[in-house]
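Each in structure tokens, the structures are laid out below.
Heads up, the next two complexes both have subunit A, just with different partners, subunit B and then subunit C.
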Partner chain A sequence: MSLLRYTLRRFAQAIPVLIGIVTITFFLANQIPGDPVEIMLGPTPAQEQVEAIRAQYGLDRPIHVRYFTYLSGVATGDLGLSIYYDRPVLEMILLRLPVTLLLMLSAFAFAVVTAIPLGVISAKRRNEPADHVSRIVSLIGVSTPSFWIGLVLIIVFAFYLGWFPARGLVLPWADPADVRGAATRVEVLRQAVHHLFLPMIALGTLQMAQITRIERSSMVDSLQGEYVKLARAYGVPESTIVRKHAFQVAQLPVITIIGLGLSTALGGAVLTETVFEIQGMGRLIITAINNQDYQLIMGTTLVFGFVYVIGVIVTDITYSYLDPRVTYGED
Partner chain B sequence: MSINSATSDDDTPDDGDESGGGPDEVEARVGLRYTLKQVKQDTTARIGTYIVGFMTFVAVFAAFDYYVLDYAIAEAVLYNPETDPQNVRRLLPPVGMENQFGQGVLEHPLGTDHRGRDLLSRTIYGTRIAMTVGFLATAIGLGGGTVIGAVSGYYGGWIDDVLQRVTETIYAIPFLVLVIAFMTAFGRDLTFAMIGVGITAIPVFNRLIRSRVVSIREEDYVEAARAAGVKDRNIIFRHIIPNSFAPVLVQATLQVGVSILIVAGLSFLGFGAQPPTPSWGQMLSASRGYMLPAPTFSIFPGIAILITVIGFNILGDGLQDALDPRINN
Partner chain C sequence: MSEPLLSVRDLKTQFFTEDGTVRAVDGISFDVHEGEIVGLVGESGAGKSVATSSILRLVDSPGEIVGGEIEFKGETIFGLEEGDDGELRPRDEMLTEEEMRQRIRGREIAIIFQDPMESLNPVFTVGGQLREFIEINRDLDADEAKEEAIDMLREVGIPAPESRYDEYPHQFSGGMRQRVLIAMALACQPDLIIADEPTTALDVTVEGEILEMVTELQEKYDTSFIWVTHDMSVVAEICDRVNVMYLGEIIEQAEVDDLFYDTKHPYTSALLDSMPRPDRTVDELRPIQGVMPEAIDPPAGCRFHSRCPEAREVCREVHPEPRELSEDGEAPHTAACVKHDAFDVGYDESPPIETQATGGFSAGFTETGGEAE
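Coming up: the complex of A and B.
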């Protein structure tokens, strides 16, 4: 019950931040040079046509009125109309968001699955060759631009070895009829994994490196804890100590770093989607910008913000669920 | 939103050396001289210093040649990194390699790009943009974050609340997306890339400085200064900020590397340094169209970014170890 209440309170606390995101986005979008109506109708449109469009998109009203209209629109799920696509912004976002979320989740899954063993081995064999290798790998990982990793992966694994496709993404829940060369659900899944593999590594490497670094230092601390000394004194086997006693406690900072990594990963998704020509949220925002589709720019920017805020709340809740010391702020 | 800072140790005990061994060690454990001494003793920090020093030297040289000599040195020794050459040899591979456009030649050790420009020259002169942006963006973040964090932490109350809510909101938009939106609104060139990346770094330094200020505010010497009638502003800038030197230096060093990565990403997307100015991100962006016939085009700018950022990361890590009073060498 208290966890539920904590969850609700965490979401309530996020409301001012969400309003702040809408505000920043709105005023940035209003700074964008160029007249959106002119872009729609060409350089010399008829006057009444311009006014009709202005009225249709609410551009004839003063800025504070538009701000509150937009804010109440966001609250009811109305993000306006995309001028470029001539469809509701929300519809476009709902079409693209699953692609980006799939990419992000797989990248984090890859990062966690590789980083935790690396970090644990590193901490267990501190200053031995295995530790040095793992530290060098993670140092390179945090220092390499994700889009360059993408380019190198494409050159080596798509062009040179031909193991994976160089572009695009297949959604695992796509209708087999829509996927080229796939007659069955299994075929679709196989293609989805095949397409996802390289972008997942490109986007996940930075997270992998960061998690490895935190996992290592956190495990080093944890292995020096009093409870570990006690367990050793009782003659508990070292492997059990590492697996049970030290490991669980060491995971809390890792959850924090995953939450922080979301921001980098969402930005990285824009780059990864560009490199692999994946039609997700990242490409959507770039298309919106290149076509000065300001409603779509606002919508995509604030959805990026919302996804991040929700992600941080989820990691906070996971943290409090796993940490027995957190009491959800009661007594 | 309460997220702990990733790299900072907010509650580093500064007074742990009272009983610490050694005969009469009264040396101050803060300040520039102490930092330099510690860095000299730490191998990783030293390697980091060499890389950063080398890259800074190359960047200063490139800037001098560009602003003062208008690429005279580049033309005498290598090639002009900006203008298209006359007898064009496009997309040559590095020396000793071969691709469909021909054999690598010694005049272009790393090969040429899609317009026949020398890749070695462009990679070297790209250092200027990366380092300038890295340092200036960090300086903007550091300056803004220090002022906001110090004011917020020192005064507390509603000032603190307002400032912290605003920076939290900035932090709540993924920073690459925020910078892209910012640049769309104000301008797509390098100046706005720098300012944009700087703004995204403000919350990081704000959080660091604020937590230091909150803990130092109650220290005896600050109380004493206040009792003696020293102005608030002087207490903040003369006492509190210098005492936060070590963690800020570590964070700033790491932030330069992060800024270089973000700006490279921005240039890759077409925001930032505009052609023909040589910049690593933009070179990689151009190379995308030729990955199949000339794969080596994509390699070297990335390696340049990698080495530079590694330099800042190991310098930052080394500084952290060297300046952490809990680690005794």
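Coming up: the complex of A and C.
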């Protein structure tokens, strides 16, 4: 009933957080040592040239003026001009963001689809062989960095076995004419899946391992709940107890972990994109930093911050949808 | 007397832990007849709850029923026989796990748990949970079950049951949740309801209301109850017959009036002395001395002798089985205490021993406390 109002309010509450992100990002980016103009023009530029460039990017004005200009720019969707690419930052981001989102979403889908059954089986067969296997797998998963998994996957499945391509990504929405060896839409989709497979696993393994661990411990808890004993005492079949009575209660901490996993996955995406040479947000950030393209650094950082905030909000809303005890703060 | 509804004979349930075998229920026998409320009384750790979960064959691991017989309406809930290899094995007529689930649990024997706060699932509506159990155990479709659920909520005194049907457990008070659990039990129309300390977590006024309601509904539906409690005043209020448990054994069994006015076992007397009674005026309540020993290593002889004010040398050596002590024409009354002549093991000649209750090590401070006043 008031779920919609709650949703709107949560988004409204996020506005100060977003302004905070913009502020911190702006001042941090302006503290980066080195001068972008110097990089653009080389070590001995002509004075007029420097001033012209500074004026073009507004760097000649005092920092507080530039801050408010930037803030109002962000509010209207103008993230400035990339110094390195010489194109609007927003345009660059819109080009790259879908790639990263595709990678992240497929990694999370892979993680959730494998982790939840694994965790449930593990909890149900606690201390049996299936449980030991799943616990060892998830322990390895949480303690192995994603770039290492990526490299191993490339060596084994791309280099030795040759089952999957080692680099690049084909976007499922790409025009068949632009994709090499693909005449039809179906071909494009097939290639997209083919390319996505290894990076998805590289990025998703950590999430899968974390979700499995939480799912298991949460299910172990709820399977010992009094309500489960009650259901058993009333003749509810064991499969219904696991799938319904214990499961739904156990998902609350899992949702939290998935939401928080977004932040680690963003970091992981940067590394995974580097390993698999995927032109996504991660590569964009690295290019921006390497070239001191401070406009682009600010823009990409902001987008990461925004994605994270949205992740938290979606987590909260899902939580309140699943758990009737969460009030909307209105009583 | 007619055939009992439920008959438990020499039931033994043990927990196999790393520290050893815990004999939580160690050979108890009792009957429940139709329309009766039978009390199962004892301190925490006496084995009451394990006994009730054994009846439904829902003992949690590492616990296991290791011996005895449980018969319910002519069906064998638990029963062993000696196989060809000399090992004990379940008898052929013993109900399978699937039969227990489909035919007994909920449908024939329902249970009300102690903690109303934890027993309802927090993420489903109260009505939905009630409806689910009714659907499973009454073969009704969803709409009929919902109607039945609302009627039942009304019956147990929940105001505006139609709207409360869609509410969640956290929107109910403790007393209301316990009423919901009672509604669940009654709505499945079982022949026997096991109430496992259902009022312990509630405050006294709510407890009173619930007991009154249960008495009324019990007469209306003619359901039998096993009422598990540690509270003698609850026993006095609602039970017809009482079994007193101590350390996994039933040490006294009698009709409720006989138990209160013709107490045969010192443990029962001690329990009664430790609670206020309107019919007796005392300066001070006398709590039972000491704590109950561990069921993992019960004392030899009578298990209560270490805390018994009437303990004698012989109590350390002889382990008494319950014996019939009633005179001809009286209601059955059994007790397991060698002080009664029926046991004839030389109690009267045996010298008294020092126990926690007769001035042993820990009884010291209560006595000095008494003198100082």
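In this section, the second predicted complex is superposed on the first by the 330 of 331 C-alpha atoms of A that agree within 3 Å, B and C clash if a C-alpha of one lies under 4 Å from a C-alpha of the other, contacts with A are read in each partner's own complex, and residues count from 1 in each chain.
Criterion: contacts are C-beta pairs under 8 Å (C-beta built on N, C-alpha and C of every residue); 3 or more make two chains touch, one makes a residue touch a chain.
All values reported here derive from a predicted model rather than from experimental measurement.
Once the two complexes are overlaid on the shared chain, A:323 sits against subunit C while remaining clear of subunit B. When the two complexes are overlaid on their common chain A, residue A:59 makes contact with neither subunit B nor subunit C.
Of the two partner chains placed by the overlay, only subunit C lies in contact with A:226; subunit B stays clear of it. Of the two partner chains placed by superposition, A:193 touches none, neither subunit B nor subunit C.
In the superposition on chain A, A:304 contacts subunit B only, with no contact to subunit C.
Contact with subunit C, but none with subunit B, is seen for A:245 once the two complexes are overlaid on the shared chain. More residues of subunit A lie in contact with B than with the other chain of the pair subunit B and subunit C. In the superposition on chain A, A:101 contacts neither subunit B nor subunit C. Contacts of A:236 after superposition on the shared chain: subunit C is touched, whereas subunit B is not. Judged by the document's definition of touching, no subunit A residue lies at the interface with subunit B and also at the interface with subunit C.
For subunit B in complex with subunit A, the touching residues are 1-4, 6, 165-166, 168-178, 180-182, 184-186, 257, 261-262, 264-265, 268-269, 281, 284, 287-288, 291-292, 295, 298-299, 301-302, 305-306, 309-310, 313-314. Subunit A contributes residues 13-14, 16-17, 20-21, 23-25, 28-32, 139-140, 142-148, 151-152, 154-155, 159-160, 210, 214, 256-257, 259-260, 262-264, 266-268, 270-271, 274-275, 285-286, 289, 297, 300-301, 304-305, 308-309, 312-313, 316 to its touches with subunit B in the complex. Chain contact summary for the complex, subunit A toward subunit C: residues 225-227, 229-237, 245, 248-249, 322-325. Looking at the complex, you find that subunit C touches subunit A at residues 56, 58, 101-102, 104-107, 110-111, 113, 115, 118-125, 132-133, 136-137, 168, 170, 181, 184, 188.
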